[in-house]
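Here the structure is laid out as structure tokens; the discussion comes afterwards.
The first chain written gets the first letter, and so on, giving A, B, C, D, E and F; residue counts start at 1 in each chain.
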Amino acid sequence: MKLSKVECIIKPFKLEEVKEALTHFGISGLTVYEVRGFGRQRGHKEIYRGTEYKVDFIPKLKIELLVTADQVDDVVDVVVNAAKTGAIGDGKVYVTPIESLVRIRTGEKDIDAL
Amino acid sequence: MKLSKVECIIKPFKLEEVKEALTHFGISGLTVYEVRGFGRQRGHKEIYRGTEYKVDFIPKLKIELLVTADQVDDVVDVVVNAAKTGAIGDGKVYVTPIESLVRIRTGEKDIDAL
Amino acid sequence: MKLSKVECIIKPFKLEEVKEALTHFGISGLTVYEVRGFGRQRGHKEIYRGTEYKVDFIPKLKIELLVTADQVDDVVDVVVNAAKTGAIGDGKVYVTPIESLVRIRTGEKDIDAL
Amino acid sequence: MKSNGMMGLTGRLFRSRALLGAAALLLMAGAAWAQEEAGPSAEQFSLNNLLLLLSGALVFWMHAGFACVESGLTQAKNTVNILSKNVIIVCLGGVSYFIIGFGLMYPGEFNHWIGFGGSGFGPVSPEDYGDYTIFTDFFFQAVFAATAATIISGAVAERIKFASFIVVALLFVTFIYPIAGSWVWGGGWLTDLGFKDFAGSTVVHSIGGWAALTGAVILGPRRGKYTADGIRPIVGHSMPLATIGVFILFLGWFGFNGGSVLAMDSGAVSMVYVTTFLAGCAGGIGAMLASWIVLRKPDITMILNGILAGLVGITAGADTIAPWPSLAVGAIAGVIVVFSVVTLDRIKVDDPVGAISVHLVCGVWGTLAVGIFSFNPDHGFLTQLIGIVAIGVFVLVTSTLAWLALKHSPLGLRVSEEEEVNGLDTYEHGLEAYPEFKSTTGIL
Amino acid sequence: MKSNGMMGLTGRLFRSRALLGAAALLLMAGAAWAQEEAGPSAEQFSLNNLLLLLSGALVFWMHAGFACVESGLTQAKNTVNILSKNVIIVCLGGVSYFIIGFGLMYPGEFNHWIGFGGSGFGPVSPEDYGDYTIFTDFFFQAVFAATAATIISGAVAERIKFASFIVVALLFVTFIYPIAGSWVWGGGWLTDLGFKDFAGSTVVHSIGGWAALTGAVILGPRRGKYTADGIRPIVGHSMPLATIGVFILFLGWFGFNGGSVLAMDSGAVSMVYVTTFLAGCAGGIGAMLASWIVLRKPDITMILNGILAGLVGITAGADTIAPWPSLAVGAIAGVIVVFSVVTLDRIKVDDPVGAISVHLVCGVWGTLAVGIFSFNPDHGFLTQLIGIVAIGVFVLVTSTLAWLALKHSPLGLRVSEEEEVNGLDTYEHGLEAYPEFKSTTGIL
Amino acid sequence: MKSNGMMGLTGRLFRSRALLGAAALLLMAGAAWAQEEAGPSAEQFSLNNLLLLLSGALVFWMHAGFACVESGLTQAKNTVNILSKNVIIVCLGGVSYFIIGFGLMYPGEFNHWIGFGGSGFGPVSPEDYGDYTIFTDFFFQAVFAATAATIISGAVAERIKFASFIVVALLFVTFIYPIAGSWVWGGGWLTDLGFKDFAGSTVVHSIGGWAALTGAVILGPRRGKYTADGIRPIVGHSMPLATIGVFILFLGWFGFNGGSVLAMDSGAVSMVYVTTFLAGCAGGIGAMLASWIVLRKPDITMILNGILAGLVGITAGADTIAPWPSLAVGAIAGVIVVFSVVTLDRIKVDDPVGAISVHLVCGVWGTLAVGIFSFNPDHGFLTQLIGIVAIGVFVLVTSTLAWLALKHSPLGLRVSEEEEVNGLDTYEHGLEAYPEFKSTTGIL
């Protein structure tokens, strides 16, 4: 079966909820990146020693999930539901195809490596 | 329309310039990762308490941009122009296809989610 | 020739070995991300001021390699061999296709940009 | 103003007299005290001032310790807030104590409940003031006062508005602390009763601790700390900061207790150094063992709290509890603090740094310990209990009123959910504690 | 050599005499001073030495404070550089002051403009030297000297070559500071004039500040600070470091000012402690209010600068400005520093840590404040102004020459663009301050 | 118990007598010492106590310095472990020295090889004890003892089990250090021989250093340090921490050496301050130059080690080496330490923080330096050598036995490979030093 990579940019304080929703759903693992980003939500102004400046980049987390192609839609739903606050800056979920996967420990391939 | 992910490894001090060029071009958002890498540029030697050692990994930033397929070429040009110093280690820009995209806040899909 | 992106989640202390194996193999560069993840290996319990809690996320490194399609299998093998400890949590290697690549410094494209 | 000084001294003499009596009993007071009644010799006067000024400087230094402990044991996103509170409280405390607190705490002749001796002090003859100059007296007292206010800061951390904290801390250091303090050290009714609190297990630590308790309760816990699934620890962001802070506080305590002898009486001061040192050490050991046995790991935050617990514990009787029993006082405090921290969490009182356990609980323990271990037969358990309760009730009531008044004022007490989640630093201070992308320092 | 010691003392006596006169006026000097003229009693002599040695140790400690403040308020990529500068300047300052500076600053009998009393000191009778031993004298003066050099370090941070900084700092601490210092404290022409600078608002802080100003101007701003779009702040990388630094400096200031009484005169020393404490506190409050009102946020870096500003401000008159006016001196300094920081940025003088505003601007303010607030009628505004200008011109000229000479020497002054962008630590020191991949500590 | 106190004094008098003799020789002892034999005046007694108590507080403060240096120069993943070791060793050291060490080190009349004067101390007359109270004596000695144990901690860092370290450190501070110490400072056979070690280049630093050496050798190097390709440096995680630590230690050294005069003798104490200051400065300069020239970069970790090396170097003779030669002693120590660090790495003795080079190698150098530079003709190179060898052999043997016994006990000595690779903090302490995802502080 084909595999996909689901990447989710979320608000940091949502990590715990998203993780629990995904574990509950039954994903086998995930990887988290600390990132900073901007989009609609454009950062805020700060003042340092009298000078105003824009902090463009807002701390976000990226969650990366390897899943089988048939799980993708459900996984995306789970993340969207768990990560949503309704406020600007909630983030994105995007999916890319995976050509192959290997588990380092055992050498198992593709779906067996999940 | 199809979407693509443009990933750019750049020198950290170029972030501001690249960000401004991209904003000016009109991208809707971006995400930044702190990474370390090496390529042609192989790090430098340092000395710690009398022993010389090679610091292989040089701090870089990765910028990740989700754009429509027809924007890809222009975006790559914008980044290449803004990030170029002409010196070794300037970095790479590479493009991967995206299967789908969702905006967490609204559930909008694909191009609407940008 | 087509290019691929090989992503490897490994145990942090294996970085040096993997890097050396890859350099020896002849890859032209790589990029490292600091990440945290979980899978089979589920983190550990810690106690803070009397309360037990689970630290789910274990520090890992992600190595990202751009290689030509015909190198992929060998590169994966090299990484798997160098990164393996045989213990749970050794990580994954997965491959995604790349549409295009540019070297910022020179504007060289695709395989020339490696 | 001069008479105020002289009167202020009256109160303080109760401290040194009680001390001298006790010390004399066991330490066979020699030539040094003979001169006491007639006023100290010129050199003894200088020695007293030197001791108190340097001790005061060490007590001042404790504020750096509080700043480090509190920021180390809280999250990085609130660090600028914590640091700002600790820095500004010293500044505000010093000035307000000069204008009001000092006159309120040492009012001279007064009704033994409340009195005011005037603001600041004018030109007075330093030599006529007593065992040390009025400047020395003020300085040593002022750094104590600010300390008491700082205790509150940790317990209400990560959720209180900066401006609101400033208001409450100011009320506290200007009115609540000095009035309660005047009862014990200013010649008030607890002095009359024979209540013994050498350097402030109750007067400084418990008073601060009671206000910390009411604040923590009225504010409520930090979001996400107590969930349906149980307690979710919110881990402090830097153990080196917390550890440095405790070393600073331990060092400062030699000034806190050693200076509270209020005279360079070698026997008393040096015994106080020893009991303080041993109790602090025993507190650390007690907490390590308790956390290792009960919690299965030697939790460094507990060891650090344990050291402070031992120090708070010995503070009431550092001059009248002998070295061997001081080990017991400290070790018990170290064990108490571990159980207190756990218990407060069970009853959902959220105290990020353990301030209530260290300062209130062990402050009470230390004050009672005088009734148990003092070698001065005048010190009674019951008197100690009365003092603890009286001061506890007073501070509970007044601080609750202060917190509630502010809560219902337009200013309010607690930051918004958004601010709490994203960190107080960005919202209230417009600055992060560690603002760098580690690698983009090339441009930032 | 012994006579050098004795002569060095002559100069220093001007300080203590002026002090004593003023203090006596208001403080009704008692028995302690009666012995002064005949030489102190054995115990008074010991007391003086003890005060000065411990005060000197506290002043030494200020170097840790400078290191923390400067590294906290600059970028992580230059941290090893800043730390190295601060560490080595103490070492070099101490040794060079021993060999040259001390003899230049306290030359004994001299033409009141410049003189040299010799290198180091041989075996002398400590008792015959005066109010304290020559060793004590040297130690206390040497830690002061290194302080003055450290002030420069912050203003030129993040762009100066390590070797070049060492050369200029050495020239400064070896020649510029001691010569200007000899005019005021060494019995020179400004002593004769009645110029009053108790502990060095001008002699230490402004002197350092002038050299910092010329350095910052000649070096030019850091790349990217002033752009076509306006000022782009370069945010300091660690607020805890900066805050700890200010606490250290505040503590050290009790030694700086308290020790400058140069005798354990209880009235004077304790008053100095109080005025120093109050001015520092008021400085912090003034800066907080100014930044909150004018800049809309209580900027912690401004509060920290404000505390230092208040301390610098009171330093010239800590012994002759009474406690109430010391509040004014400090608060005004705190407000001044906020506006000065903003103004320097407007005129594109890039001072990463605010050293010029704190030490130069508030040093000038403090020296003038003596002319306004001193309770000693001998202190005149005009005399103060003359001293400020004279020393200002001297240091401006000499330090400019030093900076320019170095700039046009083969060594050069400023690092390359590449080095500045990537950080001085990697290039000049071959080591990063925080070198770890956080998670790969398994292998690194 | 009292007699124990009196006897303990006997031993200590050797130190002050030796000192006084030497100082008198060159410093023309004045009125102050005349009273010595008849017992000090009341004020002199107070002065002595004040000096020793404050000096002891400064020595206590050195533990904060060790904690900072050691955690700064090791990896983040082992930071909680290092901090815990440093904190608990003070606590355990203080208590065990009270119960056993003090009585063993100052046993009173004894066979000059080993004796025990009893546990703790009961109520004694502080005035009858000697030049200072028994409390003062104990406090000053206890903080020294804990220091010696802390030296070991750095050399065995990042691989030793927490519990095993505690056991060895306790054995060391309770038995090995006091017994060896009694030979030199307790009136033992090395005192008789005329061996001179003013404040402990050998007694504190080398003793700690020998135990550090045996520990580092028996434990073996950290994994990955010495590979087939050569040495792979394991870089310390925070240079600011390391630098702050050295400033703390330098400050503490004024108490360490200054207090070791054991009396407020102005000439001696102030000279000790000067020689200590100059040697520390010269050590930093020496190491900077050596590392710049030989290693091509001014390595800040070498500068920091160099300062400590200079301080360790002057410690044996701070009171009998004049200021000029103290510069030489320090500078040579600074150069030695650079070569020693490099050499130890060559022979694969893995000492993460340079403790062996600083404390052992420069401790030996400092003790020999007395034989070379002392102005007291009684001090001979040979006697110094005998003392060094005797104590070296004793500590080598006993500490080796202790390490080996523990290694072969069920407890074991070294953590598992897994633990070492992933960091001791998670396994042994269940807590990371910097536990935050920087950006998820919203939930953690």
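Structure notes:
Everything below uses one rule, namely that a residue touches a chain if its C-beta (ideal position, glycine included) is under 8 Å from a C-beta of that chain, and two chains touch if they have at least 3 such contacts.
Small disclaimer: the values here were computed from a predicted structure and weren't measured.
Interface matching across C-F, C-D or A-D places the copy of A-E, with more than half of contact pairs shared by residue number, at C-D. Taking C-F and C-D together, the chain pair joined by more C-beta contacts is C-D. Separation between the centroids of subunit B and subunit D, computed from CA atoms only, is 52 Å.
Our note on geometry: subunit D versus subunit E, Cα centroid distance of 32 Å, whole angstroms.
Once the centre of each chain is set as its mean CA position, subunit B and subunit C turn out to be 18 Å apart. Listed for subunit D are residues 43, 47, 50, 54, 235, 238, 244, 296-297, 299, 301, 421-422, 430-431, 434, 437-438, 441-443, each touching two or more other chains.
Contact of a single residue of subunit A with at least two other chains is seen at positions 13, 32-34, 36, 47-48, 57, 60, 96-97.
On the side of subunit F, the complex with subunit E involves touching residues 26-28, 30-32, 41, 43-44, 47, 50-51, 54, 58, 75-77, 224, 234-240, 243-244, 246-248, 250-251, 254, 258, 264-267, 269-271, 273-274, 277-278, 280-285, 288, 296-301, 303-304, 307, 322-324, 327, 375, 421-423, 434. Of all residues in subunit E, only 42-43, 45-50, 53-54, 56-57, 60-61, 63-64, 67-68, 71, 79-80, 83-84, 86-88, 90-95, 98, 120-123, 125-127, 132-133, 135-136, 138-139, 142-143, 162, 238, 241, 244, 428-436, 438, 441-444 touch subunit F in the complex they form. Only residues 230-233, 235, 291, 295-297, 299, 301-302, 338, 341-342, 345, 354 of subunit D touch subunit C when the two sit together in their complex.
Across the interface of their complex, subunit A is touched by residues 3, 5, 19, 28-34, 66, 96-105, 107, 113 of subunit B. Taken together, the subunit F residues at the contact with subunit C in this complex read 421-422, 426, 430-431, 437.
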